[in-house]
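Same chain, two partners: chain A is paired with chain B first, then with chain C.
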Partner chain A sequence: MSVNEILLAAGGALIMAFFSMVGGLWFAGIDRVLAARMQARIGPPVRQPFLDIAKLMIKQNVVPANAIPWLFNGAPVVALASAVTILLYIPMAGIPGLPILQGHGDLVLIMYLLILPALAMVAGGLAAGSPYATIGAQREMVTMIAYELPLAATIIAFAWKFASLGIEHPFSLATVAAQPVWTLVGPVGFMGLLLLLVTMLLVVPGELGRIPFDAPEAETEIAGGLLVEYSGRNLALFTLSLAVKTIVVTSLIVGLFFPWNLTDILAVACCATTAAMINLAFFILKLLVVMFFSVTLVRISVARFRINQVVDVYWKILGVLALLGMFLVMADALF
Partner chain B sequence: MKTIEVKKPSGYFTQIGPAHPALKEPVMFNLDVEGERIIKADFAPGMSHRGIEWMGLRRNCIQVIYLAERICGICGITHSISFVRAVEQIAQIQVPVRAHYIRSIVGELERIHSHLLWAGVAAHELGFDSAFYLAWRVRENVMDLVEYLTGNRVHYAMIQIGGVRRDITREQFPRIEESMKFFDNAYDQLARVFLDDTTVQMRCRDCGVLTYEEARQLCPVGPTARASGIKKDVRVDHPYAGYADLDIEYMTPDRLTGEVRGDVYDRIVVRLLEVKQSIALVRQLLEQMPDGPLLAIPKPAVLLAKLKGAAGEAVGRHEAPRGEVMHYVRLEAGKDEPVSWKVKASSYSNYLSWIPMMEGEQIADIPIIAASIDPCISCTDRVALVQDGNRRVLTKAELHRLSVEKTRRIQASLSAR
Partner chain C sequence: MKLSQTLGKSLWAFLFNSGSCNGCEIETVATVTPRYDLERFGIKVVGSPRHADILLISGPVTRKMAPRLRRVYEQMPDPKIVLCIGACGTSGGAFYDSYTLVGPVDQVVPVDMYVPGCPPRPEAIIDGVVKILARLEAAEKSA
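This part shows the complex of A and B:
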């Protein structure tokens, strides 16, 4: 990379960070309003998460006496930074120049990067020196281990499909985005992909720590768990990292399963800027739909799982489902 | 005095409470945990003693009714009914039949609202907020009905010694029946949400079990006892108010599920069944309600004069939504205020069930187990002794010594008079 490219990437990363935070908070507001309406409530205004962040930023930032200050204060920064970093690898709506780090990472890297914000939260929780935060941190680690199996199975299934067709860079998200995977499989593989889609939609609440997989935070049990000691600016950073992560995981699902662009479907020919705008709007709509089905709808319709039930659900139910989906995708090639 | 020693356990020692999102009122759980599993559980009440009994000993009996209503923020009628039943026994006041019926109607409406409130709280403890909103939305209807009948949403001020203060007239029956129809439908919806939901079953089935034998030993009351298969209900065992005339039975979970497991799920079942039972009871009461006066002694001044002449002691009981409530009252001739007033809230009998319920379960189960007995902590609380930062428990010998000392003090002051 030349100096110019690096500067360009850095500038792009800042812009991405800004937009992903704004977008994530906007999504959080929409999620809250949708959930409220389904519970026959009015709900907060959509801008509520922005007001919350603004409030947290001016509030006192308390560091507990028995916390490890550098780790306690560092964790939120790492969480936010790593969440933004993932976004630099995920293609968006085929807009030229995105992802900023195109060609530098693949799905395996994204899988590892996804662990980082969660690990930062674990470190922050353990550094807080509160028993509730410690319990929350342990639960977070268990949850991470739990949802890794269905996540990995899905990614392997995708890579195997593309590799078996002799496509170059099977692990690259750009490859997946360029060729919607549904068009490459027959009826059996289609069934398998459906199973993988359901699995991935249910991995999202685990990744984001939402009900029913919110055992690490579990307000009524451990009073917010990992975040119990966090306040003010640090809590705002964690909230922002969660907002960015919402965009990240929904983008990942859209990138894997629904990479179509509106301009391609309608086959409209217009200038590049207009096309990019239309595609971006369509992309955000897809993200919202994915968020509605994987976060909002799930969290209002079930009770919270115990931590051992989280593992059971991810390994025994979703893990088996994902493996079955993977085998169906593989079996599809045989027919 | 003995200091409670916190023994260093093999695993970890952790505390939940007194201020914690799992608890709606202050109580403290001391837990030995190993990972997520609770090895040993104990609790320490005494965080919100309010001295209501002491206040009652400085008021006349009619004033105490309103004070008793305020012991609990949910059971508006429970404590006043128990108190007046004790006083009526002492003063030998015959309550008119119509007043008995009206007391029962308000009592059953209160049970519906209390159980729905509980259902909402339980759902919230499980992280199932949609069910919480549903239960509380349904509850608004009974609150409106109670406000329509009594003028108040919570503290109804319906009870008077020797009867009730307001009538429920024939013109009001259609409005009551309208609400009962609403609850018939709401019951089906709530049963579907709470009993058929897979995640609720995952969390509540075989969680927080209180076996029949344990229940026999610990003597819980109300739904907590009935969910463990113990047939115990003041309304059936010792009928009072309008209950003797009604078709009423013990609500145990096997009526719906065919078995008794004594877990949290069974306690949900019992409460939902009791909502249904209360709807039926209100209908029966309306059907059979006789005409007649509302008060044995309509004039408060006459009533006070009669009470001033009454002497003796009695226990008044009522089946509250949480189980049996007991008020001990002692009156002396020539005194306006009771000489002694002792309140046993239902949760006092249910507290100890927490320990066998919690041991062996997970930290995640604490909120729902704590909520499953529907604790009324502030209503129950007794004095806690704290000296130099240490909590102390008085032994039996010390309590005996203190009471002997107090008796001597009273004797001395009496002889000095």
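This part shows the complex of A and C:
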């Protein structure tokens, strides 16, 4: 990379960071309003998450006496930075110039990067020096191990499909975006992909630590778990990283399963800017729909799983579903 | 204590039972149910005093609970508000001359607002919170 490109990428990353935080908080507000409406409540204003962040910023930032200060204060920054970094690899609605790090990473890298924010939370929890936070950190690690199997099976199925057709760079998200995977399979593979979609939608709450997979934070039993000792600015940073992560995982699902653009479907032949704006609006709409079905609807419908049930659900049910989906996609090629 | 309008629009509450008979708890938890929908005002119940802005205390503060109450109060980050719920916390209530009591609550931690009643109805608790919010806004204007 030349100096110019690096500067461009750095500037782009800052802009992305800003928009992903604003967008993520806006999504969190919509999530809370939708949840309230489903419970026949009025609910908070959509800007409530912004008010929460503004409030957390003026609060005292307590570092407990038992904590390791550099790790305790560093973990929230790492969590937010790594969440924003993943977003730099995920294509968005075919808008030119996005993703900023196009061609530098693939699905395997994204899978590994997705671990980073959770790992930062674990490090912060262990550094807090509170028994509740330690239990939360252990549960978070178990949850990470649990949802990795269905996630990996889905990504392998995608890569296998593209590799078997002789398409170059089967692990690249740009490849998936160029050719929606639904168009490449027959009826058997279609069923397999449906199973994979359901699996991925249920990996999202685990990835984000939302109900029913919020055992690491379980407020009613371990008092907030990982975040029990965090307050003020550090808690705000963790909230922001969670908001950005919502955008990341929903755009990953949209990128894998629904890469269509509105301008392709409607064949809008207009100037590039208008097309990009239409595509961006449609992309955000897709993210909202995915968030509704994978986060809001799930968290309103069910209660929290115990940590051993989390592992059971992810390995015995969703793991088997994902493997079945993978085999169906593979079997599809035989017919 | 630095006050701000954003504090009033996003109050996170932590419930503390300092030896209450659980009557006030039932009413306090009823306050956050969908019927009363406190989330309309940005109020939500959190699991850790580190996340809390407002401490809801019920009960007359028994000898065992007094150090814990003081500790939970000190664990909350500034700025913080204390709301005392129920007759016991306000005056000792039915247990005013019991040998097990250290309190009422204001003998142990500073209290910003009292909600009397045995137990107070959810409407009364909401009224107490609203009065605190009004006071925060007034303090903000005069500052």
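We adopt the following convention: the second predicted complex is superposed on the first by the 335 of 335 C-alpha atoms of A that agree within 3 Å, B and C clash if a C-alpha of one lies under 4 Å from a C-alpha of the other, contacts with A are read in each partner's own complex, and residues count from 1 in each chain.
Please note the rule applied: a residue touches a chain if its C-beta (ideal position, glycine included) is under 8 Å from a C-beta of that chain, and two chains touch if they have at least 3 such contacts.
The structure presented is a predicted model; accordingly, all values stated were derived computationally and were not measured.
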Contacts of A:P131 with chain B and chain C, given as first, second, both or neither: first
Partner chain(s) touched by A:S231 [first = chain B, second = chain C, both, neither]: second
Which of chain B and chain C A:A223 touches, first, second, both or neither: both
Touched partner set for A:Q39, first chain B, second chain C, both or neither: both
Touching partner for A:I211 - first (chain B), second (chain C), both, neither: first
Which superposed partner A:M291 touches (first chain B, second chain C, both, neither): neither
Touched partner set for A:L242, first chain B, second chain C, both or neither: neither
Which superposed partner A:F305 touches (first chain B, second chain C, both, neither): first
First, second, both or neither for A:I58, with chain B first and chain C second: second
Residues of chain A that lie at the interface with chain B and also at the interface with chain C: 39-41, 218-220, 222-224
Residue numbers on chain A that touch chain C, as the complex places them: 32, 36, 39-45, 48, 51-52, 54-55, 58-62, 132, 218-220, 222-224, 227-232, 235
In the complex with chain A, residue positions of chain C that touch it: 2, 4, 6-7, 9-10, 34, 37, 39-42, 46-48, 50-51, 53, 75, 77-79
Chain B residues within the chain A interface of the complex: 12, 14, 20-22, 35-36, 123-131, 133-134, 137, 197-200, 202-203, 362-367
Chain A - residues contacting chain B, complex: 38-41, 131, 135, 138, 211-212, 214-215, 218-224, 300-309
